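What follows is chain A paired twice: with chain B in the first complex and chain C in the second.
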Partner chain A sequence: MTLRRSLRRSLALVGLTAALFAPMVSAGPAFAACGSAEPRGTNDLGIVIERAAGRVKVVENTANATLATVDGLGDLSHASAVISRDGRYAFVFGRDGGLTKVDLLERCIENRVMQAGNSIGGAISEDGRLVAVANYEPGGVKVFDAGTLDLVADIPAIYGPDGARSKVVGLEDAPGNRFAFSLYDGGEIWLADLSDPKNPQVRKYPNIGKQPYDALVSPDGRFYIAGLFGEDGLAVLDLWDPDAGVKRVMDGYGRGEQPLPVFKMPHLEGWGFAGNLVFLPAIGRHEVLVVDSTTWTETARIPVAGQPVFVVARPDGRQVWVNFAVPDYDKLQVIDVPARKVTATLTPGKGVLHLEFTPRGERVWVSVRDTDRVKVYSTGTLAEVGEIAADKPSGIFFTARAGRIGF
Partner chain B sequence: MTLRRSLRRSLALVGLTAALFAPMVSAGPAFAACGSAEPRGTNDLGIVIERAAGRVKVVENTANATLATVDGLGDLSHASAVISRDGRYAFVFGRDGGLTKVDLLERCIENRVMQAGNSIGGAISEDGRLVAVANYEPGGVKVFDAGTLDLVADIPAIYGPDGARSKVVGLEDAPGNRFAFSLYDGGEIWLADLSDPKNPQVRKYPNIGKQPYDALVSPDGRFYIAGLFGEDGLAVLDLWDPDAGVKRVMDGYGRGEQPLPVFKMPHLEGWGFAGNLVFLPAIGRHEVLVVDSTTWTETARIPVAGQPVFVVARPDGRQVWVNFAVPDYDKLQVIDVPARKVTATLTPGKGVLHLEFTPRGERVWVSVRDTDRVKVYSTGTLAEVGEIAADKPSGIFFTARAGRIGF
Partner chain C sequence: MRRGALLLAALPLLAAAGDPAPVRQAELDYMLRQDCGSCHGMTMKGGLGAPLLPEFLQAKAPDALAEVVLDGIPGTPMPPWRGLLTADEARWMIDRLRRGLDQ
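Coming up: the complex of A and B.
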């Protein structure tokens, strides 16, 4: 137990608030004292973001239950989270630049810093020691000690002959305590090696395409793949062979020469890898593309109910689940991977924002914003098997992410 | 907290032993009372089997540290373990038929039953509710409630016209709360659906080959693959299409027509899946076979330092690590997957029995029996980065297994 936590707990016992002991860099609403907790396993825990209220629900996915609500996380629109190596803490990246460390056992805010003015997600290093955040304003990446939230490295995204500063997107962890990210304005991919956190080694790949807007790392940690907003195609960096540079693939992938209206850009992090196949959301079209990831060639198109947003493979790769942009945002579809077609359509309610599979994939949790519910389905029977009340729920993050690359 | 545990804890406080409260079916050494524990995350915990002493070390893989030693687990030669869904408990399968539930937080034996005379491993169901054990004597599978260790199903392995009873091997969990296992004497594979635990539905596949001796489930949960001791070849059941029956593949895989001496049969559970490739230990030969799992054809043979026992892929599939039977049991070799060749040879010491990667694969733990040490290596630099003292260590089981299929 740290001294600060020990102090906090003692004070909580006599009814004082721990807000007095918030670190100097903190801002936003004061947060409540951490209390005590019954020992329990953390491998079946997680959080659900309540985007409008600035809160998270601490949940467990064995009994499909809510354990607690933790308040005071600031602006959680488009918030995401990563999990500490031991499964105890969630690091929540708020849109307002807040980085909040939530203790899932004591069910409280362990620490919170305002680290930028506007941020868009983050990642945790392979060894669990570093949390990195991608910032729009000021554009760059800041890296924090996962234990203390002390700043350990600051990587401003300065590019080009004029030293302009770029928004940073698509920040992902990569094997070897590296982080990969993209410069939206600069059209570059950077690969930062944080093996020595005080002395990051940054390798820069310029001219990778116009306006990379999001990215992902393949589940095996090999490929960093950035989607482009300013032109068609994808930029791929082979992390096993960084000397080979960034390659352009899928030149037909994008909005096309005569773009359709796009109601919501698909999320790349949701891509469905199933063996050597990747299931991609078509942009603006009512289709999911099936791509052979060994050659990056399209092998099939599967018609779906709307413009896909998240296209996520069940952990065993047998099913791919898809949600949609407006006006089809009340639906979920299930693609059978061997059959390469939609085999079921569910209608959980309006505002299906996110979905997360349990670690082995037997159930899926679905955020339904407008009904203030997270619905839980069996992926075998497709029956609804549970429900959690949550205020405008969005992202769902289970602790099994701690043991996976690129989450 | 259960009533029994509550009682136990109260008694522990006043110095009584909890052995009085062991369930009626228990046997073997009495076990110590569970005490209290500081709350902590469980996603970085695990156990190391001390085979000769009948003990396990509770370990954590962030700081490469031992947290506790738990005694009284009986005969742990060839012991294995599975992890509860919440990461808190390890279920240890002893050779003597003992099934022991170890609490990794309170660092004690939560429960222990002698469930058979001679057993060879087990599995935990997808939903975490059921623990199944494969028994030699009496031959069959027993299924227990993971919470209470109460027997919920007994599946005797009776086969053939005479109603003979077979040893059971290669018990693995499969998606859909199913268990797959093989009848060594019967030459059959059985697939048991435990969706309704009181009423298991067993599908039997006879004549799959002579003496299946071990098996594994592919990481995607799709294929159940049994090795044959009595003839060459492998038996494969596609769990996504169980109506298609068991197929024979790799007819040249085995001891061959003019068998070499085999010092130790390879473990199948250790097969290295890396994308669509599988790295298999050749039997009796100083080779690792590279097989395309989409066609089950051999694509390469990699010369190695001895008869391979475990051939295990790092979680990202970039490396495959190999240990060996006597007389080469002091070595470990690292195969670079893209290059398809051995790129490093380590000599941890005599009796390299098992290896386990950390969840994201940045380190590997190696049991070195004859030096009473578990050595920890960085898989990036191959440097030794830690060491744990352990009495004749064998199997290492981290809690990340809870979220994975077929572990």
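Coming up: the complex of A and C.
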């Protein structure tokens, strides 16, 4: 590799374009069809999942453009991705258990493994060396070498006296090369230390509540917060003080009232934080909950248009954008954080599945499934400023995630 | 033989008076893949929700399955779809799943 790099550098020095010679010096044998990469940065790149087609689009958020389509990723219903620490690769977690490493520069699949029968998501370690995947079937977490996708560790999610295996949800990276995750069936939080990747040290917290459905790590890496589907409340683990155990907060936020049907499970991730406030989707209530993370008490409830699915703060924390479950999934609402209320309602089209802010938040990309479009809005004017064609787009993942804890 | 039996079983349903109109059938078919698929997998292999492939449904009574769609399963994330679907529509979707979405 060093030889190749220096060869490429010297070629560039004598004024020849890298593109002319790159086919000679790149493209490993297994994926010889990969093209060659022009020198460029990656911090404005990303992928859009085309979930029904098993493809991803490689996109660029400076020009609101599609750069390439990469095919052959399997069943991407409910697919998510993490980004390598150098911002070059996206690791895509498919529903069918596929883990695919997509090269955003060469715009091709660098490697792909089928690692389970049914998966839900994953995380990348703080040192960038390990990619962990949360599996429904067989329930547990598998950890892979980010370079080779070789299996490094297998952590079956066995709980209870009968040794049953639980579906795993809410897998997040945490400081100290740790991963935290929740057992949906088991009602437990596990904290796995992979400082020595071949010997994961797992600490288990049982009885954290019924049916944790997803989780997030706060942007400072301090708190792991699991949302509960089976009861009203959240389970919080202070990663600075894991001996203190899991604390229950917001217990009974909807108790005594008839819950509304939840036609799509909400999602959590560190994006709900705006300063010390965390904005969370209520379950079975058409509200966004505002919790003060210094005291873990509720500070507000904001009525919204439907069952919230993604509640995402603009990176500066001034706005929070919300999308909704069917039948209100044609809408997006914008919450003004200082005012604690909805100040705008947009109607991008039916099937608003996901949204992703540009790294500094001046624009937001919105997947609109039923119109086969990704719409780009200015977050300042709320005007539509761009559009990309995509087949049944769902998740959007920009490379800026690489530098954030819990993404 | 099996295919023939399935076709025969399907024919009366296609002609049933309670069947949704063709435009609505297309919507329901889309809903099965895209919305039910969010939890049950777009290929119906299962996810947070149970698999909905024909081999998992054929031993169960269609009317009971349609009731699950309409009323949900308390204590699980399966919601009651009654506000969004009629009884005939739920039954049509169950029959669709029992045949297999690709049939």
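Operating definition for what follows: the second predicted complex is superposed on the first by the 367 of 407 C-alpha atoms of A that agree within 3 Å, B and C clash if a C-alpha of one lies under 4 Å from a C-alpha of the other, contacts with A are read in each partner's own complex, and residues count from 1 in each chain.
We take it that a residue touches a chain if its C-beta (ideal position, glycine included) is under 8 Å from a C-beta of that chain, and two chains touch if they have at least 3 such contacts.
In this text, all values refer to a predicted model and were calculated from it rather than measured experimentally.
Put simply, more of the residues of chain A are touched by B, taking chain B and chain C as the two choices.
When the shared chain is aligned, chain C comes close enough to touch A:262, but chain B does not. When both complexes are overlaid on chain A, the residue A:68 reaches neither chain B nor chain C. Applying the stated contact rule after C-alpha superposition, one finds that A:275 touches chain B and leaves chain C untouched. Contact with neither chain B nor chain C is seen for A:202 once the two complexes are overlaid on the shared chain.
When the shared chain is aligned, chain C comes close enough to touch A:184, but chain B does not. In the superposition on chain A, A:105 makes contact with chain B only, while chain C stays out of contact range. By the touch criterion defined above, A:87 reaches chain B but does not reach chain C.
Residue overlap on chain A between its contacts with chain B in one complex and with chain C in the other: absent. Residues 1, 36-44, 60, 62, 83-89, 104-106, 126-128, 175-177, 220-222, 240-241, 274-276, 315-318, 338, 359-362, 380, 399-400, 402-405 of chain B are the ones touching chain A in the complex. Residues of chain C touching chain A in their complex: 33-35, 37-39, 41-43, 45-48, 72, 75, 77, 79-81, 83-84. Contact residues on chain A toward chain C in their complex (touch as defined above): 51-52, 75-78, 95-96, 118, 120, 136-137, 167, 184, 211, 213, 229-230, 261-265, 326-327, 351, 369, 392.
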